[in-house]
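What follows is a pair of complexes built around chain A, which joins chain B in one and chain C in the other.
Our next item is the complex of A and B:
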């Protein structure tokens, strides 16, 4: 067997372990789908009357979609964020129970061990995103095969970046409890300030948007990289972009490279 | 005896299949009760302007294409159609001033353009009818410089300012009309080359006459798809009405109705 094949087998082994661990645990899977159910079935339906018009020509937000359609891509991103970042718990787990030490003494380079772990986490997170697509009928989001394939590709790249980010965080948090609290205080603010649940009116200029919302909130929304990820996925799934589409793709790709390199530096140092 | 090792992917596949089946089943839950409410009261409320030929007409035998279409949709839903004639519709360019409320209508029809702006307020179901400025003349033609053309802007929401700029730029001599009924006489007497009117106004003029309709500069005046509008968020009613519309459009009745209202006449395109 060539050296390349041996290394690829090593990466596959690390990837497979992550996949098996995440998918054989039915509780973890149910937990993963409970979020989209709450957001779409309860929050989406509950808030729907507040986003529809009661008088023709008068709506709160002038977007050519229903609230459920608008929310749908954001819920996919939320599911990916949770799964990707929470995946880092597995790194803490491996560290606590000595498995990481065993892997690190293997002939496999650290960069490939990290790649295997990140690929594993990204695959699981993408799968959690794909599961949300099964609720597309409920949200009245009609997708072509090409849209689905593009969306899955985008989800995977986003998952890869966020899993790397999670591993970066795990290196700084030593306990499971600490990571749980820390990740929640990070995920939810990032999600809520990503124009996921309230649209920035596309017919308004930036100055008017600042007038609609406090300037600090507009600043947070525009500075948040998740805003661009949500926007890119909205563009693919419902053909609606609030920001130039190429920016979303560039931000996701940038997140992917920056976080992976940073995680690699950290992983090599640990 | 040695126990056979279970394929590790089998558990993964079973788990994923169970979750996927559960989510798929949940996706069939109704997101609202708009359809149930229509069925409960047994009526679909339609709001239309008092007159907008050929979509809404005052003739009881021939109430208009959109009205007949809505009746068919109601029939498909198993309810009766309640027609609300709204005097305010079309009186103002801003639909907000029409004061159409959810309580008055489930469906809005009678010249509703299927545009992004409309879709920001309503969910639209295309009726398969297009409108826009057309040139009515003896032969398919586009107005040329120096020619005299009658212009009847009517009460539609088409861009009149763009039309007047276009006519001025091309040096076309317009004749304003008091009524579209004058068009046939003026063409026959040779006083005008043809008339520029909205496609729906042109439909009865060309029906049964030896006139041709030509889309007026389609690269400038893109024809708009007409639709019936339902309130945003009334998902279950929208789905049912859309399904009914698809069925109706595939039926013989749809083609016959188009002939009845002169909406089957071909429209030439001259680039």
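Our next item is the complex of A and C:
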């Protein structure tokens, strides 16, 4: 019995528990299905006719997509954000109800406990992203198999980073109630300022962009890492990038590393 | 590494299954452990007895490597637990004071998880799950979600789980706290069976005094220090008092005895207890007592009286006050 196999089994165990818990939690599943339906059905369908960049007859900027197509990748990111960040509630849960100690007295190193947990959360979040993918036909998005595979890969990396971020938050919030407020005041602002529901014109310079939007909003959109995630996913799914395509992947991967390392430092200290 | 942690010499590493040396821990200004040392031999059952807040849980947390002491040293199964906590952890199973099972998973899944985290291969996991479930008689409920379990069933499941990876030592922190009398007895029945059949080394903490009577070694801890240690019989011999209970025919006779023997105390309506030191059987045979004494009984010292004489206090929480007061005696009110 080699040491590696022993450790891999441990990580698998931690991962498996998260998957089992998630699949048994009806509420989480219902949220994962209803959220994208609401966004696509109500907001997407409702705003679809208005999405033509015409303001009082004057065409400022036209993107060659319907609003549903434009919104679709962003809703995937939204679903992933909710699931990843709220996954951290399970970390608070484990701590409150003592399950964490059961894992801490095992010979599994803390870093691998955290890895298993983050992988578990990332898998669940990716699954919730895939739930949205199932609605692709409805949103008039046609994808090749290769696009789907690339998108899922990207979604997983994003989920991994966001789950680490959630765990980092959970270490600072010690109650369920507190975390609920925290995540809601965080997720929606991040989502709205990620160029998810309105486009930025890629051909405009920053100065020009400031002319059509207030400066603070342009700043927020550009500073928000989720902007780059949404953009990367749009690039893969509908071949539309508002930003240079490779920046998106770099930002997502960067989030992964930074947040996981930070969560690790945190977890080792607690 | 902490600067104050002692390196342990070879002989210290070899002789005992668990050795603790001069453990100290504090939370801010409050001292939780004030230099605790002890050794536990393989195959013995070791009971830590002390009132709430004596430092028992801190000591268990330190022994199972969840918490670092401020200073001191611990050896578990030949491994320096402070330098190599993971090696030590392979040899220990822990049952915590508060429930730590995942109540959304089934009994089997909880055990399976434990087996995975301890790196047991599939076949081994299967075999062990069956063994430990059988031990605590939970086979019938193996596929039930733990949420539906009673307190006693959860505790049994936790004991089963702690044994999944065949540890050499089992730590039980207050294994029967919060359970009713019947369930407590049941838990002790399983723990007893475990000791007999699997010859485990068991370290238990408790503040229920009657639960340590069967332990090989009892260690009394108070205010973060060990105040006495030994077999229950040895402790009673050393620190306990032997009493003689004299049942008389009326209050007048009792009064007479109370005046005659130093340290005598009234008991019930017409009985009296006299400490061994001042008891004199010949004096009772004198004519003035003739026909006035119904019975003389010896009362063996109990751990309760040992605790009382060592700390000057009673253990505040008792599992079953009635039973101690009437059944075994030793302590007077």
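Couple of notes before you dig in:
Keep this in mind: the second predicted complex is superposed on the first by the 259 of 270 C-alpha atoms of A that agree within 3 Å, B and C clash if a C-alpha of one lies under 4 Å from a C-alpha of the other, contacts with A are read in each partner's own complex, and residues count from 1 in each chain.
Everything that follows uses one rule, which is that a residue touches a chain if its C-beta (ideal position, glycine included) is under 8 Å from a C-beta of that chain, and two chains touch if they have at least 3 such contacts.
Note that the structure is a prediction, hence the values are computed from the model and not measured.
In the superposition on chain A, A:107 makes contact with chain C only, while chain B stays out of contact range. In the superposition on chain A, contact of A:45 is made with chain B only, not with chain C.
When the two structures are aligned on the shared chain, A:30 is found in touch with chain B, with no touch to chain C. By the touch criterion stated above, A:76 is placed in contact with neither chain B nor chain C. For chain A, the partner that touches more of its residues is B, with chain B and chain C as the two candidates.
Shared-chain residue A:10: touches chain C; no touch with chain B.
Applying the stated contact rule after C-alpha superposition, one finds that A:20 touches each of chain B and chain C.
By the touch criterion defined above, A:67 lies against chain B but remains apart from chain C after alignment on the C-alpha atoms of chain A. Overlaid on A, the two complexes show chain B and chain C touching the same residues of chain A, namely 20, 24. Residue ranges of chain A in contact with chain B, taken from their complex: 19-20, 23-24, 26, 29-30, 33, 37, 41, 44-45, 48-49, 51-59, 62-68, 127, 131, 134-140.
Considering their complex, residues 8, 11-12, 15-16, 18-20, 22-24, 26-29, 31-32, 94-102, 108, 116, 119-123, 229, 231-235, 238-239 of chain B touch chain A. Interface residues of chain C facing chain A in the complex, by the touch rule stated above, are 64-66, 86-87, 89-90, 92, 94, 96, 98-105, 109, 112-121, 161. Residues of chain A that touch chain C in their complex: 1, 5-7, 9-10, 12-14, 16-17, 20-21, 24-25, 97-99, 101-109.
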